[in-house]
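Got some structures for you, see below.
Look at the two complexes coming up: chain A is in both, with chain B in one and chain C in the other.
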Partner chain A sequence: MALCTVKLNQVDFTYQFGTPFAHQALFDLSLKIEHGSYTAVVGPTGSGKSTIMQLIDGLLRPTKGTVSVNGVTVSPSSSLRQLAALRATTGFVFQLPEKQLFAETVIEDVMFGPLNNGQSASAARENACQALQQVGLGKEFEQQSPFDLSGGQMRRVAIAGVLAMKPTLLILDEPTAGLDSQGARQILELVDRLHQQGTTILLVTHHMEQVATYADQVVVINHGRLAFQGTPRKLFADRKLLAENSLRWPAAVSFDHALRDGGVHLPGPVSLSLDELADKLATQLKGRDQDE
Partner chain B sequence: MNNRVVLGMYVPTNSRFHSLDPRAKLLVVCWYVVLVFLATSLVENLWLALILGMMMVITKVPFRMYWHGLKPMAWVIAFTVVVQLLFSSGGITYWYWGPFHLTSGGISDAGLVFARFTLVILASTVLTVATPPLQLADAVESIMKPLKVIHVPVGQVSLMLSIAMRFIPTIFDEVETIMNAQRARGAKFDEGSLFKRAKRFVSVLIPLFVTSFQRAEELATAMDARDYYPNGKRTKYRLLRWQKRDWVAVGLMAFVTVGFLVCHWFNIAII
Partner chain C sequence: MAAIVTTKDLTYRYTTDGKAALDKVSLTIPAGQWTAIIGHNGSGKSTLARLIDGLLAPTTGSLTVAGMPMDDEHVVAIRHRIGYVFQNPDNQFIGTTVGEDVAFGLENHQVPREKMQEIVEQSLDLVGMSQMIDEQPASLSGGQKQRVALAGVLAMEPDILILDEATSMLDPAGREQIDRLLLKLQRERQMTIISITHDVVETLAADSIIIINDGHLVKQGPADEVLSDAVGLLQLGLAAPFVGRLRLALEKRGIKVPAKVTDGQRMVEWLCAQLS
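Take a look at the complex of A and B:
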């Protein structure tokens, strides 16, 4: 049995609990994220994805149930300090993270996290340089003001600010929103590299292509409840589930379904990428050639 | 989504007070505040407190919300009351030590300051919990209309007011998000000395300023794109209608004032 990094046990969460504005966002949600996995979290806007991420990072306190991350458990009665302990090994890249930049130079901004964690200035600088390299920003950026950079570069600085803290669990909330396709690919490749180096990844996304290409687990949240947890292949094979949660199919999956509906016999489960589909079709066509 | 209750935030209920014209509510509360400042005796203040209590009940807003409105000011009130207690003179001196005097005059001054602070804050909370901010801005515009004669740009002032009010919750949300993003990077806003906390707050203020200016610029562009002309004549989507119940509300205030005068005379009579 693989180790669980994140465990949510029957969690309820209500915003503004006990006021006339109370609004329940999560209902009896139980969830396990295995160590070293790459989990995509999908669901319609307002389904509670971001709330779950904030609970995992100790930014919100569960109204009911418990949240454990890397061995630290919090409950509704935990203090703020205990909540902060959840953050020790977790990195959280927010939506539009470039909004959090504040320092005069790029390097100072990236050093903010490590310094807050009590590292010495030299260790923090070293980690910051390393993180900037990881996101593909060279030495020449270090002394620039973050506000002079392009949108994509600002985002990478913000991500470096999280990576500099060397998290073992990395949460990314729609990290590619508003980026051009090249910028988006760079960030996804970076995340993939981090995953291969052993970081557990939680990726909130609306792009099913990203789910099909990168993730090894998918969690579907709908109306504050867990609708599905399993492999992307299992999710994309289940048309009813996709329709119920208003999820779009990746191109390869819709091709695959359309071909099967049209009477083309494809071997094995649903294809997740166009390459995979092409391979299947190729062997299929070759087989037919040999028959004739 | 924001997870905190903002001071004096609008709480929708189906109360009679909520359904009044915002101008009537503004007038009633301003009138009440004037009475609070005119009150000098215990009897007058008790009468006003009774009226305020009734207003709070009529709004159907839980008392806890009022407490939330009062709580941030508690230290200011406590500080002022203590200063009044120890430094005012007049009347009989009960106790003194160095520059500190505890006198009967000081005690009554302190009581008065306490009553004024609490009543005024609670009265303004009654207004804001029962009136959506944009309606309040409309009411101010409507009341300021006569000033157009002396070339006060009433329309522009009220537009600025509406924009400011409209963006209070947005900015609160923004503060929360930025604080969370910095917390996720290990910032601890509630630990350490005052100086350290202030320094850490820079990491929230700068992004907040940057996004606020960006938003202002975008809003200005959007208004330009819709051909906004500052002196243009424009109609209202939400019309304010003065109804019978608004006269009743103002009439009740007149009754409260009569009661206040009775208390005033009563007070003079017993002295």
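Take a look at the complex of A and C:
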């Protein structure tokens, strides 16, 4: 049996529970995330995606049920200290994380987490340097003010601040929002690299191309309930499921379908990515040239 | 087509001796149309939007908005005509509930209470958030906050709507819904829409596109024409629409695609003719 990094067991969550403002966000949600997987979490805005991530990071306490991360389990009766224990192995890159940058220099900002965790200054500096290297920011950035950097660079500094804590589970909530294509690609390639080095990835996204290109598992959340868990290929093959959850095909899948509907014979299952589709088309087009 | 924004040699420097964030940009934006301004992060596109809204004053050069020169005398009158939705909705939340937040601008304009309530409800209904009127902004998701921020601006019935990456957190269906709403309002209210983005998916509803790169105006033209130049977009650090990228991917694999194949439909037709 595969090891699970994250396990949610029949979790309910209600914001401001027991007050007139009570608002239930999650309903009887059970979910397992396997160790070493790259899982995309999708669903309409307000469906409960970010609430789940905050439960996994110990920022919220379940109203009912249990949440386990790397062997630590919390329940509605857990103390704040126990909640914090969930966070020991988890790194959370929030939406627009560059909002949280505060230090005068890049290196101080990235060192803040490790220092706060009780590491010595030299250990914290070493971890910070490594993390900056991982996100592709060289030595020349260390003494700069994070506020003089471009949007994409600031976001990478913020991610480095999370990586400096050496998480084995990395949660990213819309990490490419507001970044241009180059900045977005750098972040996605970085996350892909971390995954290949063994980090478990949870990526909250609205971009179906990211789901199709990078994730090996996808979780669909709708109205606070689990609507689907499986491979991206299985999700994109299910038109009804996509429609029910306001999801769309990635461009490659739409295009592949349009070609098949137009009478083009393409081998194998539907293409999930641009490269997959281009490979198939190039093979077919070259085959045609040889026939002539 | 009458111009609603005209700039002449518009230049802005954030520091006196620094590089110009915007360098001698002269352009016109037609009234009643949807114009998308695209460019990579740091290209100067948000600086241009802030100059149009009078949030920044030009270092040199001039601009005219809604027939008024942008100067100390007119800046307030110009602002009254513009609704600006920022990228990060947390930067513009004021009220303790969604409804109060949308009402804030109307209160400032001393709209009578009954009328105000009606406008608040209508505006939230437009963006699909009327059920959340009594919720606290903090309990909303990123995409819901973006919808509320838009409602607050639409309540003021601006002549010019500036959207600065304002739909970046919406799900695909939500973005289509907001695009349809904006197109409808553009027609019904003769509203001018100026959207700032680097994501070509967010320009699909636009009539025309302006490309800004390193503070310079690179290109201005009809949306379909600008978007069909995949190589040009790529060189500017922008992602081309899918069809343009597919063409490049096929060319990389030694397949020659005819020049006339510029959009999705033509690409499907061409491939079907070749392969079926």
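Criterion: the second predicted complex is superposed on the first by the 277 of 292 C-alpha atoms of A that agree within 3 Å, B and C clash if a C-alpha of one lies under 4 Å from a C-alpha of the other, contacts with A are read in each partner's own complex, and residues count from 1 in each chain.
Criterion: a contact is a pair of C-beta atoms (placed from the backbone, for glycine too) under 8 Å apart; a residue touches a chain by one contact, two chains touch by 3 or more.
For clarity, every value in this text was computed on a predicted model and none was experimentally measured.
Engineer: Since both structures carry chain A, what do chain B and chain C do when superposed there: clash or fit?
Structural biologist: Chain B/chain C on chain A - steric clash.
Engineer: Touching A:Y15, do we find chain B (first), chain C (second), both, or neither?
Structural biologist: both
Engineer: Contacts for A:K99 in the overlay, against chain B (first) and chain C (second): which applies, first, second, both or neither?
Structural biologist: Both partners, chain B and chain C.
Engineer: So, A:G263: does it touch chain B (first), chain C (second), both, or neither?
Structural biologist: second
Engineer: Which partner does A:P76 reach: the first (chain B), the second (chain C), both, or neither?
Structural biologist: In the superposed model, A:P76 contacts neither chain B nor chain C.
Engineer: Kindly classify A:G136 by the partners it touches after superposition: chain B alone (first), chain C alone (second), both, or neither?
Structural biologist: Neither chain B nor chain C is touched by A:G136.
Engineer: Contacts for A:L281 in the overlay, against chain B (first) and chain C (second): which applies, first, second, both or neither?
Structural biologist: Only chain C is touched by A:L281; chain B is not.
Engineer: I'd like to know which partner A:G36 touches here: chain B for first, chain C for second, both or neither.
Structural biologist: In the superposition, A:G36 touches no partner, neither chain B nor chain C.
Engineer: Given the touch rule stated above, what does A:G230 touch, chain B (first), chain C (second), both, or neither?
Structural biologist: Once the two structures are laid over each other on A, A:G230 reaches no partner at all.
Engineer: Of the candidate stretches 129-137, 219-227 or 255-263, which in chain B collides with chain C after aligning the structures?
Structural biologist: 219-227
Engineer: Go through chain A and flag every residue that touches chain B in one model and chain C in the other.
Structural biologist: Of chain A, residues 15-16, 21, 23, 99 contact chain B in one complex and chain C in the other.
Engineer: Which of the residues in chain C come into contact with chain A in the complex?
Structural biologist: Touch residues, chain C against chain A: 39-42, 87-88, 90, 135-136, 139-144, 147, 165, 168-174, 198-199, 237-239, 242-243, 245-246, 249-250, 252-255, 264, 267-269, 271-272, 274-276.
Engineer: In the complex, go through chain A and note every residue touching chain C.
Structural biologist: Touching chain C from chain A are residues 15-16, 21, 23, 42-47, 49-50, 95-96, 99, 150-152, 174, 177-183, 206, 208, 246-248, 251-252, 255, 258-259, 262-265, 274-275, 277-279, 281-282, 284-286, 288.
Engineer: Using the touch definition up top, name the residues of chain B that touch chain A in the complex.
Structural biologist: Touch residues, chain B against chain A: 1-5, 11-13, 61-62, 64-65, 177-178, 180-188, 190, 202-207, 210-211.
Engineer: So in the complex, which bits of chain A are touching chain B?
Structural biologist: Residues 15-16, 19-21, 23, 25, 51, 54, 57, 59-60, 80, 84, 87, 90-92, 94, 97, 99-103, 112-114, 116-117, 147, 161-162, 165 of chain A touch chain B in their complex.
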